[in-house]
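Chain lettering (A, B, C, D and E) follows the sequence in which the chains are written, and residue indices restart at 1 in each chain.
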Amino acid sequence: MAQIPVFRMRRAVVHGLLGGYTLIAILPVLLIIMNSFKDRKAIFNHPLAPPGPATFSLIGYETVLKQGDFLSYFQNSLIVTVGSLFFILLFGAMASFALTEYRFRGNVFLGLFLALGVMVPIRLGTIGILEMMAKSGLVNSLFALILVYTAQGLPLACFVLSEFMRTVSADLKNAGRVDGLSEYVVFFRLVLPLVRPAMATVAIFSMIPIWNDLWFPLILAPAEGTKTITLGTQVFIGQFVTNWNAVLAALTLSLTPALILYLIFSRQLIRGLTAGAVK
Amino acid sequence: MGSLKLKGVRKSFGKFEAIKGVDLDIADGEFVVFVGPSGCGKSTLLRVIAGLEEHSEGNVEIDGRIVDALPPAKRGIAMVFQTYALYPHLSARGNMELALKQEGVARSDIDARVTEASRMLALDQLLDRRPAELSGGQRQRIAIGRAVVRQPSLFLFDEPLSNLDAGLRVNTRLEIARLHRLLKATIVYVTHDQVEAMTLADRIVVLNQGAIEQVGAPLELYRRPANLFVAGFIGSPRMNFVQGAAAAAYGAQTLGVRPEHLRLMGTGGTWQGEVSHVEHLGSDTFVYVDVPQTGTLTVRLDGEAVAAPGAKVSLSPVANQLHRFGPDGQRLAD
Amino acid sequence: MGSLKLKGVRKSFGKFEAIKGVDLDIADGEFVVFVGPSGCGKSTLLRVIAGLEEHSEGNVEIDGRIVDALPPAKRGIAMVFQTYALYPHLSARGNMELALKQEGVARSDIDARVTEASRMLALDQLLDRRPAELSGGQRQRIAIGRAVVRQPSLFLFDEPLSNLDAGLRVNTRLEIARLHRLLKATIVYVTHDQVEAMTLADRIVVLNQGAIEQVGAPLELYRRPANLFVAGFIGSPRMNFVQGAAAAAYGAQTLGVRPEHLRLMGTGGTWQGEVSHVEHLGSDTFVYVDVPQTGTLTVRLDGEAVAAPGAKVSLSPVANQLHRFGPDGQRLAD
Amino acid sequence: EDVTLTIESWRNDDLPIWQEKIIPAFEKANPGIKVVFSPTAPTEYNAALNTKLDAGTAGDLITCRPFDASLELFKKGHLTSVNDVAGMDTFNAVAKSAWSTDDGATTFCVPMASVIHGFIYNKDAFAKVGVDVPKTEEEFFAALEKIKKEGSYVPMAMGTADQWEAATMGYQNIGPNYWHGEDGRKALIAGKEKLTDADWVAPYQTLARWADYLGDGYKAQTYPDSQNMFALGRAAIYPAGSWDISVFNTQAEFKMGAFYPPVKKEGDTCYISDHADIAMGANAKSAHPEETKKFLAWLTSADFADIYANSLPGFFSLSNHEVKLQDPLAQEFVNWRGTCKTTIRSTYQILSRGTPNLENETWGASANVINGSETPEAAAKRLQDGLDSWYKPAP
Amino acid sequence: MSEPVHIRRPRRWHIAVFLAPALLVYTILMVVPLAETLRLSLFTEQDQVRSFAGLSNFATLFGDPRWAQAFWNALLNNIEFFCIHMAVQNPVGIALAALLSVPRLRGRAAYRTTIFMPTMLSFVVIGFIWKLILSPLWGVTPSIMAAVGLKWLFGPWLGQEDTALIAVSLVSVWQYIGIPMMLIYAALLSIPEEIIEAAECDGLIGVAQFWKIKLPLIMPAIGLISVLTFVANFNAFDLIYVSQGALAGPNFATDILGTFLYRTFFGHQLQLGDQHMGATIATVMFLIILSVVAFYLLVIQRRMRRYEF
């Protein structure tokens, strides 16, 4: 049987609209990546043309890679991001479990207290944080960054995770309790595995500001050995501001890892977001 | 081991009192079924026994020990939930083993117990599957297996069959009955299914609005319901209630007659009426008869009885199967 | 208006064929019930009729018009979903009116239809409440009302009562029967409840694995099931199947006897066995008898029959109520 | 064991030069001391540095912005006095003034370089269009007009998007000719002249006329855009800071020349902005004060002056060592020191101490005037009002 | 029968154990430093001596015409910034989500992934990319617009006072649209299929279905997104800082509270940082955000109907 024509028409329109916006979303990024492989003249004279044999050039990448240790920057970023995410997820999940699972005095207050964190930019507390880190000798260590990002990420993580924690079947937890499992075992062995998709969601939302942050790496860990990739890129952009080959190459180098990480997480993200929906 | 005693147990949710003072003694090895309309507090009471809900007043005693302050894990009970509540990320075996591992039971012992339980419940083929890969009936059996391996003195079941389809329900029901015979454990079982309650229970506890209406053996409740509520609740189709003159004739405020205890005849019966609707089930026929001044009476006839809507009929109750209730709704002495 | 014809309808989900060629004629005003085990394709077929699912082959004809390419709204149907699917943000009235408004029906006409439907379903008091403020049974009535106001030629019901509790279920069932008599509309009704199917249907369609096993009036299916599948599916408790020598004695591969058609006697019956389990329902007693070489046979006895596990008993089938099936599982001529 | 000194700087552009030339030279002369150049993007520098100093985690050596930003650091005790650093006598008082207390008694940073403003032009373009290097304002605008008419070049490469470009390359570049360099600047500080005086409004009026000769969409044109525009040979004239020289040297494929800001009338004295821009001080909390001092002392040496000026053409040494510049364009800029009177940017000393900040306000005013969103008179009045609101010149 | 006895339950230490790590890290590293900073709004500094000033900093902020003018300008711009997000980001995000949730859509994952991508990029990159793209010099936008015959519409948007804020807001919208899209998409998916099918049967399809059925049902999600957008917008700073500089040009046309605060707190170029006034602005911002969030939580969210499906 033929498809119902109304459906077919509708779908064509839908694809048209979605495709259109997808172009808007992706074109600027493609433009940067594309031009980073062209020579200087071509970048300026034919910005919209893809690199051809005549215009292909890797000079930008040569310039950039010669200057800094991108690999080590990338590694630092990775350690900081993954480390912070680990603590955000662990601590956030524990706290939101306590807040949603148990009724106790101060429960509501603590929930609100945690929410305050999203209302003031944490940057303002920099001096206090830096003094604290200096006192504990953590300056220029990736651990300092991990701590700060953990604190910064917790409010949102608790907020989102609480929503998901509520959806874990009470019977399931009770079954565990009746089975003789302690609260810790219930949390770690039963609840945590079940909110994994939600954790992925929180991971993505928390990852963005961490990976892209410039300020705290600059203040807390600017040393060459602890420099993150965003900070590294920023230095390049400053340094080669007129050398567009280098700038475009640096931009491309810095956005690719973020995109790769995102692609890895995105499947989980969708599952997390829609976990409640598709049972 | 396995006796249970409730003393003046009350439970409030905020202002709302869900359990209004329940006293109950359950002997070791007994199979007790809680029935009652939806929202009457069956689950709440079961959860109080399990320790999942803190009761507001009274005591729960298991094996002669007051367990009010003990967390569920320490009460020596096992519970099977209506939703199965299997751990979705663990295999059937993992589900059964988790509690034992956590208790630190020796590996060999764990294996022995799981093997024993899975033999008993015919789960051998399923042990490595995850819950998502199992049918409803299989899941239910795993849930029971998970309870069994812990060798508790007291089993709590909360409507374990309500999610199953008709065929499975019958099978699993028989399996639970067999299990009870085999393990000789005490079982408290919540259901709202007539057939389950009647066929499984040693004693049935009828709850209504948080209080016990009657406790007794199934046939005792069927034969001598203590009040209108129990009379209406036990038995399917529901008991017919006749009031007014017709009841007064028998010296009662309300007269109860079960559909299976009404005889249908052409003329000369106690009540005259007109057939309003007939339902043929093959094995039975339900005839709905409109009796003026009395209302619609349901008559259950065996097999494929012939009765057409509109026909004038006469009805008689079977003599010694009448239930008489006083103005307070309580049963009158026979 | 209201006739429905399915011609060679097939529906695949990817590789899996959910409907494997269904031909069916439903006359105007008929009440047809689809039954079958879970996953047999009942809902899928209903959804194909509604146009919610595109079928892969064949034609659907409503009122003699092929509607394959029409969207659901244009097919002149109304559907009542298992989950009610009420619009949670609209009042009961809003739920009923929405489709009419969308069609551009005049205000006065809308009011008239809603008033009429709510009178019929006794919804007057509920019109301004939202679904969340209604009980399950009330919600179901609103869902039916929403279908009724559209005055469709064809009603589709997908297990409308499966979410209700026992008491409500009986009432709503009676209401649907009344509705059918009143509106004289064509109804296609999906259920897996025996009682609903038997009591409501003009004709029952038994589906199995995407294909029709048998179509017929309820009592016809009960009396003369066309094959083993239908025999086992219609009737509760399930029909007993006897194979081997016992069946051969009747010239059949398999012999089917319904539990209500077995007579229990001390000695001298056709089969000898031992009572393994007895279930007392009050109104009935189910006796499970282990017969060597044949398996367990279920016997349904009226009232409170006395039978103790372990007793040696003898069983005889009622003579003209035997069902004989050949090696292919098909019914043998009587 | 080696001591490691860290330098805080906003000059991330200079990273390779420090790493490849300056630091090796120092380390060779001073074994046992290692130096790390750790620059921050200019936009973040002040905020990051202040935070780190407050928390005590800043590097040993601090690159000093001129005037108040550094003075404040000294007042807070973050910087130490460099009066006792060997070789400070190679700088004259003017050079030191940008990093000394108001009374001139204490200097807290060792001056490194100054930058000079002027115009760089595309010699090929001038030849093609047939214009000569303008000496007076009239000639300047005539040349612009001619280039515009001819059509193959954008007359002047400058944008207002970044604001500071308009103020620094525009207002501060041509202004000294109107307010007579140091005379005007000092009079302003003393309160004897006002920004609303004709001499101070005039540069804005001239600036407003530039709008006609800038590229399409100059309002969204950023500083790198302007650099690229000129370097790619699309523009004829580039209002420059001398630091641009090194960029253009590597990128431009045409011959370049430079001229100082044209004067009003033939024969007028010309003034140029020779602005003390960069210096280096010692973090008071440094763990290695000795080594830090050593490094500062080295900054006063002829060696350093030579390396720095030649590896960063356009940054001119403030010391009195003779430095031979290899870059002809840079040499051209330096030569103006002989022809014209020099001054520093008018807003830097004292006048940007309060809120509103005159320097920041000047950025906005310059951009607005070119964009046409504010008249020169209104802009000047706004600046003077702002200044009056907090600045009371010493009587 | 013996009287019932009352037995106390043991303390639930595990609650504290679950909460402790998060509360400790959060309090020590976030709440304390921030409170410390906000406290500065009550102090002032003269010649390196800090002294208590009561509310005088607030008096300055609102009373001194220069401060007040800058503050109101930033606040109004911020409101405009927020309004543009509400008017563009959220409707378009909702529309995209609605399109994505069309049943049996091919390539759904690819669309979703791609549209979310800009959200993953850093401000530095985004600011730079869009400056390049909108730059009249590089000419990408003019040539694209010329291709569709709209060249005459092109202008140096980021540099004109009347367009700069809109342009920057739209770039921000471009960056963040993935978030409302994803959240609404999830909300739409959680509407039971059968309600949608009931609507199909009732003749509500396409746009009518969206307006009359889906939209009312996802209202809570929209409310949540609005609040999140508000909080994010009133904390925003980076994008404008990167693309328009600390002075948020042209002529402060793109100055929002975040940039105003940053400039004041940390200083800029020759302007010295003023922690006390900065803290004052931060406190005012905090109060604005807090009051809106509280209003949402206490008034709007409570009135909003949530539907259990």
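In this text, contacts are C-beta pairs under 8 Å (C-beta built on N, C-alpha and C of every residue); 3 or more make two chains touch, one makes a residue touch a chain.
Being a predicted model, the structure only gives us computed values, none of them experimental.
Asks: Looking at the contacts, which chains touch chain B and chain E alike?
Replies: A, C
Asks: Given the two chain pairs C-E and D-E, which is bridged by the higher number of C-beta pairs in contact?
Replies: Between the chain pairs C-E and D-E, D-E carries more contacts.
Asks: Based only on mean CA positions, could you tell me how far chain B sits from chain C in angstrom?
Replies: 25
Asks: Centroid from C-alpha atoms only, then distance chain A to chain C, rounded to Å. What do you get?
Replies: 53
Asks: Where the centres are mean C-alpha positions, what is the separation of chain C from chain D, in Å?
Replies: One centre to the other, that is 90 Å.
Asks: Between chain A and chain D, what is the gap in Å from one C-alpha centre to the other?
Replies: It comes to 40 Å between the two C-alpha centres.
Asks: List, in ascending order, every residue of chain C touching at least 2 other chains.
Replies: Residues 51, 71 of chain C each touch two or more of the other chains.
Asks: Chain A: which residues touch two or more other chains?
Replies: Correct list: 6, 44, 126-127, 182, 214, 234, 237.
Asks: Two or more other chains in contact with one residue: find those residues in chain D.
Replies: In chain D, the residues touching two or more other chains are 51, 228.
Asks: Which part of chain A faces chain E closely enough to touch in the complex?
Replies: 6, 10-11, 14-15, 17-19, 21-22, 24-26, 28-29, 31-32, 44, 47-48, 87, 90-92, 94-95, 97-99, 102, 104, 110, 113-129, 132, 147-148, 150-152, 154-155, 158, 182-184, 187, 205, 208, 211-212, 214, 230, 233-234, 237, 247, 251, 254-255, 258-259, 261-263, 266-267, 269-270, 273-274, 276-278
Asks: Provide the residue numbers of chain D that touch chain A in the complex, in ascending order.
Replies: 12-13, 15-16, 36, 38-42, 44, 48, 51-52, 54-57, 223-224, 227-228, 231-232, 247, 251
Asks: In the complex formed with chain B, which residues of chain A make contact?
Replies: Residues in contact with chain B: 169, 171-172, 174-182, 185, 189-190, 193-194.
Asks: Could you please specify the touching residues of chain E with respect to chain C in the complex?
Replies: Contacts found on chain E: 192, 194-195, 197-205, 208, 212-213, 216-217, 305, 307-309.
Asks: Could you please specify the touching residues of chain C with respect to chain B in the complex?
Replies: 37-38, 165-167, 170, 174, 177, 192-195, 198-199, 218-219, 222-223, 234-238, 258-260, 277, 279-283, 286, 288, 300, 302-304
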